[in-house]
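The structure's right below; bear with me while I get my questions together.
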Amino acid sequence: MALFDLPLPELEKYRPTTRKPPDFDHFWTTTLAEAAKHDTLVEVTPTPTGLALVDTWDVTFTGFGGHPVKAWYSRPSGTAGRPLPAVVEYTGYGRGRGLPIERLLWPAAGYAHLLVDTRGQGGQYGSGGDTPDPVGSGPSAPGFLTRGITNPGTAYLRRLLTDAARAVDAAAALPDVDDTRIAVVGNSQGGGLAIAAAGLNPAVSALLASSPLLCHVERNITITDAHPYAEVVQYLAVHRNSTAAVLNALSYFDAVNFAPRTTAPALFATGLRDTICPPSGVFAAFNSLSTEDKTIDVYPFNHHEGGEAHHNAHQLAWLHDRFGT
Amino acid sequence: MALFDLPLPELEKYRPTTRKPPDFDHFWTTTLAEAAKHDTLVEVTPTPTGLALVDTWDVTFTGFGGHPVKAWYSRPSGTAGRPLPAVVEYTGYGRGRGLPIERLLWPAAGYAHLLVDTRGQGGQYGSGGDTPDPVGSGPSAPGFLTRGITNPGTAYLRRLLTDAARAVDAAAALPDVDDTRIAVVGNSQGGGLAIAAAGLNPAVSALLASSPLLCHVERNITITDAHPYAEVVQYLAVHRNSTAAVLNALSYFDAVNFAPRTTAPALFATGLRDTICPPSGVFAAFNSLSTEDKTIDVYPFNHHEGGEAHHNAHQLAWLHDRFGT
Amino acid sequence: MALFDLPLPELEKYRPTTRKPPDFDHFWTTTLAEAAKHDTLVEVTPTPTGLALVDTWDVTFTGFGGHPVKAWYSRPSGTAGRPLPAVVEYTGYGRGRGLPIERLLWPAAGYAHLLVDTRGQGGQYGSGGDTPDPVGSGPSAPGFLTRGITNPGTAYLRRLLTDAARAVDAAAALPDVDDTRIAVVGNSQGGGLAIAAAGLNPAVSALLASSPLLCHVERNITITDAHPYAEVVQYLAVHRNSTAAVLNALSYFDAVNFAPRTTAPALFATGLRDTICPPSGVFAAFNSLSTEDKTIDVYPFNHHEGGEAHHNAHQLAWLHDRFGT
Amino acid sequence: MALFDLPLPELEKYRPTTRKPPDFDHFWTTTLAEAAKHDTLVEVTPTPTGLALVDTWDVTFTGFGGHPVKAWYSRPSGTAGRPLPAVVEYTGYGRGRGLPIERLLWPAAGYAHLLVDTRGQGGQYGSGGDTPDPVGSGPSAPGFLTRGITNPGTAYLRRLLTDAARAVDAAAALPDVDDTRIAVVGNSQGGGLAIAAAGLNPAVSALLASSPLLCHVERNITITDAHPYAEVVQYLAVHRNSTAAVLNALSYFDAVNFAPRTTAPALFATGLRDTICPPSGVFAAFNSLSTEDKTIDVYPFNHHEGGEAHHNAHQLAWLHDRFGT
Amino acid sequence: MALFDLPLPELEKYRPTTRKPPDFDHFWTTTLAEAAKHDTLVEVTPTPTGLALVDTWDVTFTGFGGHPVKAWYSRPSGTAGRPLPAVVEYTGYGRGRGLPIERLLWPAAGYAHLLVDTRGQGGQYGSGGDTPDPVGSGPSAPGFLTRGITNPGTAYLRRLLTDAARAVDAAAALPDVDDTRIAVVGNSQGGGLAIAAAGLNPAVSALLASSPLLCHVERNITITDAHPYAEVVQYLAVHRNSTAAVLNALSYFDAVNFAPRTTAPALFATGLRDTICPPSGVFAAFNSLSTEDKTIDVYPFNHHEGGEAHHNAHQLAWLHDRFGT
Amino acid sequence: MALFDLPLPELEKYRPTTRKPPDFDHFWTTTLAEAAKHDTLVEVTPTPTGLALVDTWDVTFTGFGGHPVKAWYSRPSGTAGRPLPAVVEYTGYGRGRGLPIERLLWPAAGYAHLLVDTRGQGGQYGSGGDTPDPVGSGPSAPGFLTRGITNPGTAYLRRLLTDAARAVDAAAALPDVDDTRIAVVGNSQGGGLAIAAAGLNPAVSALLASSPLLCHVERNITITDAHPYAEVVQYLAVHRNSTAAVLNALSYFDAVNFAPRTTAPALFATGLRDTICPPSGVFAAFNSLSTEDKTIDVYPFNHHEGGEAHHNAHQLAWLHDRFGT
């Protein structure tokens, strides 16, 4: 993919004026308060995995509306009773939490690791998911982004982001987690959820987002044809009178509006040829972060895959520095 | 598209052994009985369209679970008080009922016409839909086919097919409809729904299905890569242990199992190069119809578009012969 | 498709300097005069369609060179002797007039409707056409745009546009047409033909063009790869010394040069993501219209399909307002 | 491209029963007799090319209907007055004769070379053509194959094949050609024309056809999606009632029906992965040749490009052996 | 991808007659003997990774020709002095060993893990490699498969497979490895290398190959268009006279010829829709294994991704049973 | 392809600041001096081709490192003892010299013609090559551009360009060549090699480069996705820390740095829609040529094919004017 977005010097200072609804904070305060009425943890069950170095539990916590959300909780074996800093990880679009043997980086690095399932998703690729989305919706494009999207209150994204924020509460409530050191981590959709969780839950003390989705959506739907942003275009191409309502609703879920709400140190990454999560959106979110302790790794020749293991190595070192691990 | 399915002489006698669950009849008797507990018609509201020759009403009837389902009811203007034979039409996959000015063939031919919306769909192309699917689901592939598909009871298709059967009840309940002459019509997904409605609702007295979906799905997922059958493949590629459950659930919704249940005369059509709804599935359903009064038009050089207006012209003449219009 | 053409604010005031040959008016005066030497109507034969509400006649009129051109003439049944306003409709590229049951919107709305066939075309998709183009040509790219294109006198487009202008004469000559109220309508190639017909035939009293082709061709061949403009690029890529001749010839058929010649009220439409008929060309034509009574509907998320039924609904209302129907 | 056609052992004995109209011979006798009423050569003009070793003339001969057809006549410079064996070459689909400096193989090998232009074509790729097709047609698919195809008398292919046969007469009539040694050569469409010319003109004394088009068309339109056979499929997909007429007309132009009519020695070639001119069609023509002196080179890993220069080298040697050059 | 290869019942008994050169055993005995003249291990250097649970060393061992080959050696931290069973893993085509934090499954399961780099590769995707291939080659298709492929002695694959066999020696020579329990593991190209290593090195006591490449290549190049087998087709399409030499050379590197040479228990896997490594090749290799203790997991709805984590979970359990871990 | 690069007026004055290493001249002086230590010609063997007008010899000369490089030497038959001006021609990417009957333009025009093989290439398409590249490399992307690319000393391109410069020495050393009139010619990669050869070897007295590769690579890898520049992007996407080294190495082989070094008259060509060798790179090289006697033909509607035979005709005339042939 050739370069197609703004040049890097412009990206580095890109601070677009974006849509933010006046009741944004109220909307989320109310939403989270409603969710918090339910007990955080429902079930934590040990799960055999065949891995000698890692213990895993199958976790059910309550997300939006008190709905059960699944997660894998993994940590170095034999560390019971020892509080560990935690990494809450969110998955990419279409994926679920898969199997507990798939993502071993953070437990192998010594962290308590909560790998959060994604409601309704998990049927597109990978090894599956286990969390239903028990809520229906009006007409939508194939996929998840446009379910209920004419109204922020009914939007699938409201439920998804609430789950992400609640996952941090779940992590804090798990045994032997040091709740002063909770990082959120994610790539692609997972990156967007990490930013949202950091903006919504003050318990987050480090934010790692690579190639994040849901950043300045209103621009992305004009500059890229790639999925999943294309779902929004597809929906609006059919629902020709819903543009204002949909753009308004989407702004409740845009990382650009969550980024200023966190003071956690942040490590971002973007590929300059990424048409799935274009770099201008990523920089728009990054540049609106409140913290001074922020870094963004730029991969000039990469598409959506970004830095892959090279960035993971940086993430390990960066979080080690922040969490003293 | 080159020919890829069975040769025509084999298609003409194709009667595969297909999966039929032992409780198939019971499942549907129970499902329809539950749906019938709700009043059929909820609302019938005149709708201005700017069309001098056709009157239209915005109809809400109750489908599965008593959920409201939308439809457009159109008939020649100035025929109030005159009972007309009715054509109940279902739409293609991803489409909704759109606007009432779009499908004028049947009212222009003098029929009462009920164009049924498709729950949840209507966000993919065309001019939209108005019927939500208020039920959530477990993890699914993008699209609708695999929502809730591990169990026939929770499957989206159960709700969709029940709506289709209930639409015939709605048509019969509308004012000035001759309920002894109700045809069901559809193309692609609409064709599959028409076959299901005919198999489920004895009030159907003529069946017109072109390029129908949902015919011998278990074979189609091995011979074509095209959407929407590809959604099932995608789901099973992720949910590697669900094959038996999914194939079992799908068999409750397969036209091959509905076709023998109707005695209505039938006009089918298929394109021999149709990879979306391959001809072997269409013939499998057609060949299992109980009626002797059945015809299938074969379009040897066409893909999914089949006969288009040429087939519509045949449909007009064929139904005219059957309904004495 | 991402946005690729000028931003909307620039489109709204886009008035490019375009090529207009000095003998443009003379060329067309001569061409139409020659065509007018032949009797307008050759044959008008009633055609059974099975539609209770609409009567249809198979019409043959004389187009360029006196060549016979086919059309379907449809009107509300039982309105013989009652003069009706007329809608002359042109079809998209590659299509012919098809069957008379396909396009029922305008007769159902109460208009006399003349659906004009397209010479030589009608073999690419749809349900066919019936009008030959009896004239050969020099080497051309596959398709129709470049036949005879090195000279305006021999160009296929000259014949095609003359047919379009003559169709209005044919409509006016048909029985029971109110020739003070004749609208021309078309989408894509049909939209380009409608603009040309309005510019060439003063009998046109309303112009409705959506996603029109043949608008500012000289720009389009530099900004889009899509067919059918790509035929021109393909031709010029081979005929490397013919650029000046071809661009000169094309300017005789460009809607930007026809638009100022009509004073009819006009309703246009364009999709901002339309690579087949890019919006800058559409605005270039629209902005050069002479009339003050002009409107353009912009569909920001749509490709070439534009507004579809949503725009048709607007067309019905708009023409109703203009024609008092 | 994977193997997709019959296995080689089956190809080698493939003799399908094909359609041959009863008046095939009469049709062509009449057609050629009509063409022969016109003087063969119209103009032979020396053309400077900048090539020291080759002299070239711009030739105009009369083809079907006496229409002028262009060709390049090239031969070793300084051989005036010396009769040379001749190679008549036909071009691929969409190409014209181009420039006289493009195809130097045969003149460099010492032959008189007549490179025949292709009427109407020459606008698709390459460096162009100079021969118009002055005849119009009914509705057709983009391209040339389906022009006038509902009737053998009006078909473009009739004109094209007559030109090919007449080109041999033109070669024989050129100065300093040994008319007892005239070979016809062509690749793809050119190969199909070479077979037709050999079957139609007894002056042909050697036939070289590689990857020939127009061989067993009725089978090819069922086994390949590739252009240009796809034009026929496209046409029949629209003109759903014309199948019998079109297949009948095409059989007048099928190499399988021309091959038995020549006794010239023949060298054929085919690539087993060629979806444009599938090998079964090539073998069907090859196996129906009357001569015993026939060879077919099979390129098992090649697509439509076949043997390229490797086959050209074989052609040089093979023709050298036959013509004693 | 639809099913395209043999049906499962035929696959299960598929034992094709394949090409095996008479000097196959001698070729490999000689090749390995030459390689064994060089010291196995060159360098073993501790490498910091930031992973608390795993220790890693950067290993250089000698492969073909004594060339240095890189690998990552990882094992549970704090297990120095404790002999562990080892897993030698090979990577997919185009990848190198990447970074040591990428593949944590086997060390997390308690094994000593040697992740072997791939000479010359590592520049196509992923996070890179570190092993040059210091040998040049004659003309080749882009990629690696056809380098030097006209002769088994000069083929890149000879060097690659020798490296794979030597990696087992390297694993056995590493400190604290239980050389009676060495498994070879790989997916795609890695799977092909694992089979080869097992066939070449009797120290292998378990073989795990999923979606393996290099299985019955001679058939694959006729049934699939996908890379990397397409490199062979591309080469043979150009080098039209080299087919016999190339097929002969490839047979020295075909897993079907290595499989009978190992007695190690084996776990294989294949996706029935895998066009990259089609299932018939995988079964051909599997069915020729000598051992009775062999299992193949079939994923009927998967393409080349096969079972992913689901299969990894089976691999963990299966190897646990065999190695008593 | 739509226009995508700079507008023509900007291209015409495009003189970007480009990377040029300080030791560029030294690097090449040293490299060529080393190569010149080997005898230029190794073998010159007459080769029968079946062409009456042309004599051909199979030539082996020494390129980089004294490695043998193959070429075809062709000239008008019967000109032994007569010194002729020479044309040294280089081939496109992936091709080899093929067979000696393929490229007859220059010998037919009366020149001595040396068609140079391309080391290692010749396996991608066409009719093959005969020159190995005996040097291995570190990890590389599929293809040739990135072999050894982290260092100018080890880069494949160093060897390739040295071969190109040495080919001119070989031409001068061949019998009956007028070494005061040696032109270098090439298209695509061949064009890039021609520019390099002209910049490196003062014996070049005319330079003809069409659609040349290797011109301003650093820009091309940001504006096009097409191969082969995409190989560089692919390599850098994996080797995320090698950007500086690779861009530095590439600058030793960039035509923009060779162009100022030649004073030979030059004829260039470019297609404005060429994404493979974008026009801005071609102009960057052209505009940096030292000579006043330079011409660039611009083909505004062409992609990478450029002017084809039309440009060849111009080349013949242009060189005739320069060499007095």
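The first chain written gets the first letter, and so on, giving A, B, C, D, E and F; residue counts start at 1 in each chain.
Convention: a contact is a pair of C-beta atoms (placed from the backbone, for glycine too) under 8 Å apart; a residue touches a chain by one contact, two chains touch by 3 or more.
These numbers were taken from a predicted model, which means no experiment stands behind them.
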Any chain in contact with subunit A as well as subunit C: B, F
Rounded Å distance, subunit A centre to subunit E centre (Cα mean): 36
Length of the line joining the C-alpha centres of subunit A and subunit F, rounded to whole Å: 51
Euclidean distance of C-alpha centroids - subunit B vs subunit F, Å: 63
Overlap residues in subunit A, where contacts from two or more other chains coincide: 125-127, 237, 240, 305, 310
Contact graph of the chains (line, ring, star, complete, other): other
Chain-to-chain touches, reported pairwise for every pair that qualifies: A-B, A-C, A-E, A-F, B-C, B-D, B-E, C-D, C-F, D-E, D-F, E-F
List of subunit E residues in touch with subunit D within their complex: 221-225, 233, 236-237, 240-241, 243
In the complex, subunit F residues that touch subunit D: 49-54, 76, 98-99, 101-102, 104-105, 107-110, 125-127, 305, 308-310, 312-313, 316-317, 320, 325
Residues on subunit F engaged by subunit C in the complex (per definition of touch): 1-3, 273, 299-303, 305, 307, 310
Subunit C-touching residues of subunit D, taken from the complex the two chains share: 94, 96, 120-144, 146, 234-235, 237-240
